[in-house]
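Below is one structure; the comments refer to it alone.
In this document, chain identifiers A, B, C and D correspond to the written order of the chains, with residue numbering beginning at 1 in each.
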Amino acid sequence: MKKELGGVWPALLTPLTESGQPAHDQIEKLVELFVKQGLGGLYILGSTGQWPLLTVEQRRAVAERVVKTAAGRIPVMVHVGAAATADAVALARHAAAIGADAVSAVAPIYYPAGPDLTFEHYRRIGAATELPLFVYHYSGVNQLALDPREYAERLLSLPHIGGIKYTDRDLYQLGLLHAFTRDRMQLFSGADELLCHAALSGSVGAIGTFYNLWGPACLAARQAFIAGSFEKGRRFMLTFQSAIAQVLRSQATWAFLRTALRLKYGIDVGPPKAPLGVLDKPWRDGEVERLIALVDEAA
Amino acid sequence: MKKELGGVWPALLTPLTESGQPAHDQIEKLVELFVKQGLGGLYILGSTGQWPLLTVEQRRAVAERVVKTAAGRIPVMVHVGAAATADAVALARHAAAIGADAVSAVAPIYYPAGPDLTFEHYRRIGAATELPLFVYHYSGVNQLALDPREYAERLLSLPHIGGIKYTDRDLYQLGLLHAFTRDRMQLFSGADELLCHAALSGSVGAIGTFYNLWGPACLAARQAFIAGSFEKGRRFMLTFQSAIAQVLRSQATWAFLRTALRLKYGIDVGPPKAPLGVLDKPWRDGEVERLIALVDEAA
Amino acid sequence: MKKELGGVWPALLTPLTESGQPAHDQIEKLVELFVKQGLGGLYILGSTGQWPLLTVEQRRAVAERVVKTAAGRIPVMVHVGAAATADAVALARHAAAIGADAVSAVAPIYYPAGPDLTFEHYRRIGAATELPLFVYHYSGVNQLALDPREYAERLLSLPHIGGIKYTDRDLYQLGLLHAFTRDRMQLFSGADELLCHAALSGSVGAIGTFYNLWGPACLAARQAFIAGSFEKGRRFMLTFQSAIAQVLRSQATWAFLRTALRLKYGIDVGPPKAPLGVLDKPWRDGEVERLIALVDEAA
Amino acid sequence: MKKELGGVWPALLTPLTESGQPAHDQIEKLVELFVKQGLGGLYILGSTGQWPLLTVEQRRAVAERVVKTAAGRIPVMVHVGAAATADAVALARHAAAIGADAVSAVAPIYYPAGPDLTFEHYRRIGAATELPLFVYHYSGVNQLALDPREYAERLLSLPHIGGIKYTDRDLYQLGLLHAFTRDRMQLFSGADELLCHAALSGSVGAIGTFYNLWGPACLAARQAFIAGSFEKGRRFMLTFQSAIAQVLRSQATWAFLRTALRLKYGIDVGPPKAPLGVLDKPWRDGEVERLIALVDEAA
């Protein structure tokens, strides 16, 4: 029986120590927080979770700790994508072995890969376990080179396909992917800045970076919007988009998030691994608090 | 006093005779139709209206006929953009002289133009008349090379700026433009396939090709969505997106529209000017009727 | 019998009066200059010649004056590309009637056009006269969406195909186009900054803006390079590229060219039509003379 | 004292066993071959060498074996680029410790990185050792977002900068980079298909995949061209470009190279790591031999 997934999921930040090792105590705190907040699930070791900067061993250790802490109280989807197919397959098997609920994988990175190679990569990952596979469509890595109908058909032919984490602002394509797959795939939108918009294109939920901080507000706004409060959805999205723009314009996203999680939740996610964040200027606490409140109050 | 604009506007098809001249009788029929349907306004001589394929004289003649027929019953916005700034300025003055309600202009075409040149082009057009100017942001012609905040500020500094016709699928940028301009500009979304989505980013209305055919359905769906029927908005958009995809995939959009307007309204918009449409395969009437009904029934 | 074309051709500037009309006396001076300089031919009313900013009537008048002045002493290729296929066809017929040597046409502009539509547009233009047609591949307008082999085959199937004006920096594609067409097409490179490089990919000549000013130097450098002076070619190209970069970086290319032609040849090409050049800051005569000498002395 | 580098360098294929481990015996054979052929140097563990698919430990082992086998008879440049700056720094130190001649690094991958972050990443790698650093400008990974003059200045300010491996077809930018850096940097062109063309833009040598197979022919053609045989350079490049196009069009580049190295040199480079090459169809020996001869005979 297929598990119903949906709602607002943080793309979990991976807390690290100053020396770049997984900070397991802070990881546990994050997981407990999101369980308590009633979020829809945890997406771990994705782009936000710094997978390309961690070793395969570190990725296993983080996944184990998250799944163990979640303890069935919240679904866990493990991003297992990797440059080498063999690494992705091994990580998928590990995720299944430790009791994760789903796996996800980005397309091949670095080397240009056409649709055939991309789908063979996905196929091997999907075939490696019984877990549902959520293809991570990340427009920074793979452009949609196919007609959405053909893309949908090829996705549906993948073993154990569960859906897509669709990180792209093109919601026409998302709507077409939904139209061509309906209840055979579950679509998560990955562009935080279009959280509510994406629901109009058939998304069942959203996975993103900023839900580490504003999960409850985003969940409330999304639910109110779906329940009929267009004006609430509109006002929230305009505020949320402005807040995201302020963070991105600072070119210090990591510094913002680290400060914000410390101030709001007392959790230290530590420094990112270089080159991420190495030029981030510090955010002042007051400025961070102002932004946190701005979004929370708009919900 | 600023006129309140909004709602669903057809980007008017320009009916032509077989020899490529404006078909004034059919133009009048179209205008009467849209007045009767209660649409929000008419956007004439834009990309859908084939401005690049018409002479300046033909453009004047069409504008005159539309404004005269509309006779104040529905606002008319005239696209006056042109390769040469002088042509655009002259067309703007003409639009003012004949009593149009607003002008619109696309960025410079063909030659690469940075922000400074683009805004100088707009400035001259805006300064040419007292009519509100709606910049036609068409992502096929001008990419948003500026930070949205700077773009907004430069737009606001244009003489007689009224707003934007934003033909782009990036609704994050649209939302930021709204956040930075609020009630000082009116934003129309130009991507039909994101009609309702765009309302979440602050659009007051929508201007597009398919509203020549499905104006009432789109108007009804947009109003219901804004009034709280999320589910209606979602279902309509998924259907509408699928219909648009079927039309575009045929690579015979003109043939579809011509057939559809003939079947549904008894209006013949004639052939487009080459190279547009020259390879269009004919649509069968039954197939067109099926698609028309599909969207109408989803509203 | 096919006329042998080749060498260095200016993409003729179209001298205009202050009121934007063709300045026929200056046009004649330019033509006489290039005849005297022994350049390979004249490419008129292309992008440099401001075709998109001129009326069809002005284009006819300029073509007539150039062909009449050239009087068979130098080949004349007329760019007849236009937004509307019918305009391009009419201009091609006019070029043939007045005794031009070849026609050229850019792909459809403004509206996105796939390969089929593009080739149908070309086909109608090629079929309109007995003159050889040189497709104007301008990467700013049409990207090479086809495999070069398929592109070459489709070009070869066009009526009266003569070759390509290839304005693109990708010299791998140019080499492949040559490999697939050999002596059935004549390839002109259109990127001035790669004048000599392009000869390695099979170009028979070059057409470009800066040959209005530096035609003799460029001709001498190209010939020396082909005759075996690699080092001369290398030194010239590095100098020429630097000079071009200085001009482009000024964002006042028109001002530079106008000043340079006045200083060097006593010809006034007048102002460009807006929006071109409207923000150009003036160049000081001394600075222009320095750049002119820099390139001339490198030849 | 600065070592003079130049000539034709293979971007060394990394021979692997069927189980994906470095095949040290075949690595030694390759190194001996290129020493015997008199090539200019070895560029190891770049894109061709599959760095993203190997572990840090495997990369160390391969580097050690190559440097030890080369034994000072041919310069070795080690690509140390990595997703994590710390990995790149550690690999650079390792390269210095084992006696490599230079290091190279690609820009940050996967996460979008602006110029500041990119140069900080480079700076840390350059500062880690006394070896000259060759920035690997790979247009698939980092677009030239800067004006070439500013790019050149920032490169020159890097500690121990040696030059660039410039893998991009834009030879105007390459020429400008040369003009702005002159003898302070050594530029290698990385687009095999423009081997000779790039010499006109100031490259001192070329680094690329196909020199694993056709090193001597490419070296001979480049030298003859520089010595004054334009026609030889032209003919060779047209043939070489066609051969490359045939290989790339097969979408089985790895299969071609593996077969070719086996047939021509009796070296088995083994299978690539998935996802690379997993869909490659086999090339027939005769077809491979025909292509090998085609290029060899054009030199």
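In the analysis below, a residue touches a chain if its C-beta (ideal position, glycine included) is under 8 Å from a C-beta of that chain, and two chains touch if they have at least 3 such contacts.
All values derive from a computational prediction rather than experimental measurement.
Between subunit B and subunit D, the least number of touching-chain steps is 2. Between the CA-based centres of subunit A and subunit D the separation comes to 36 Å, rounded to the whole angstrom.
Among the residues of subunit A, none is in touch with two or more other chains. Viewed as a network of touching protein chains, the structure reduces to one closed ring of chains, two contacts apiece. Residue ranges of subunit B in contact with subunit A, taken from their complex: 147-149, 169-172, 175-176, 178-179, 191, 193-194, 196-197, 199-202, 225-230, 233-234, 237-238, 241-242, 244-245, 249. Partner subunit C is touched in their complex by these residues of subunit B: 20, 47, 52-53, 83-86, 108-114, 116-118, 120-121, 124, 140-141, 251, 273-276, 278-279.
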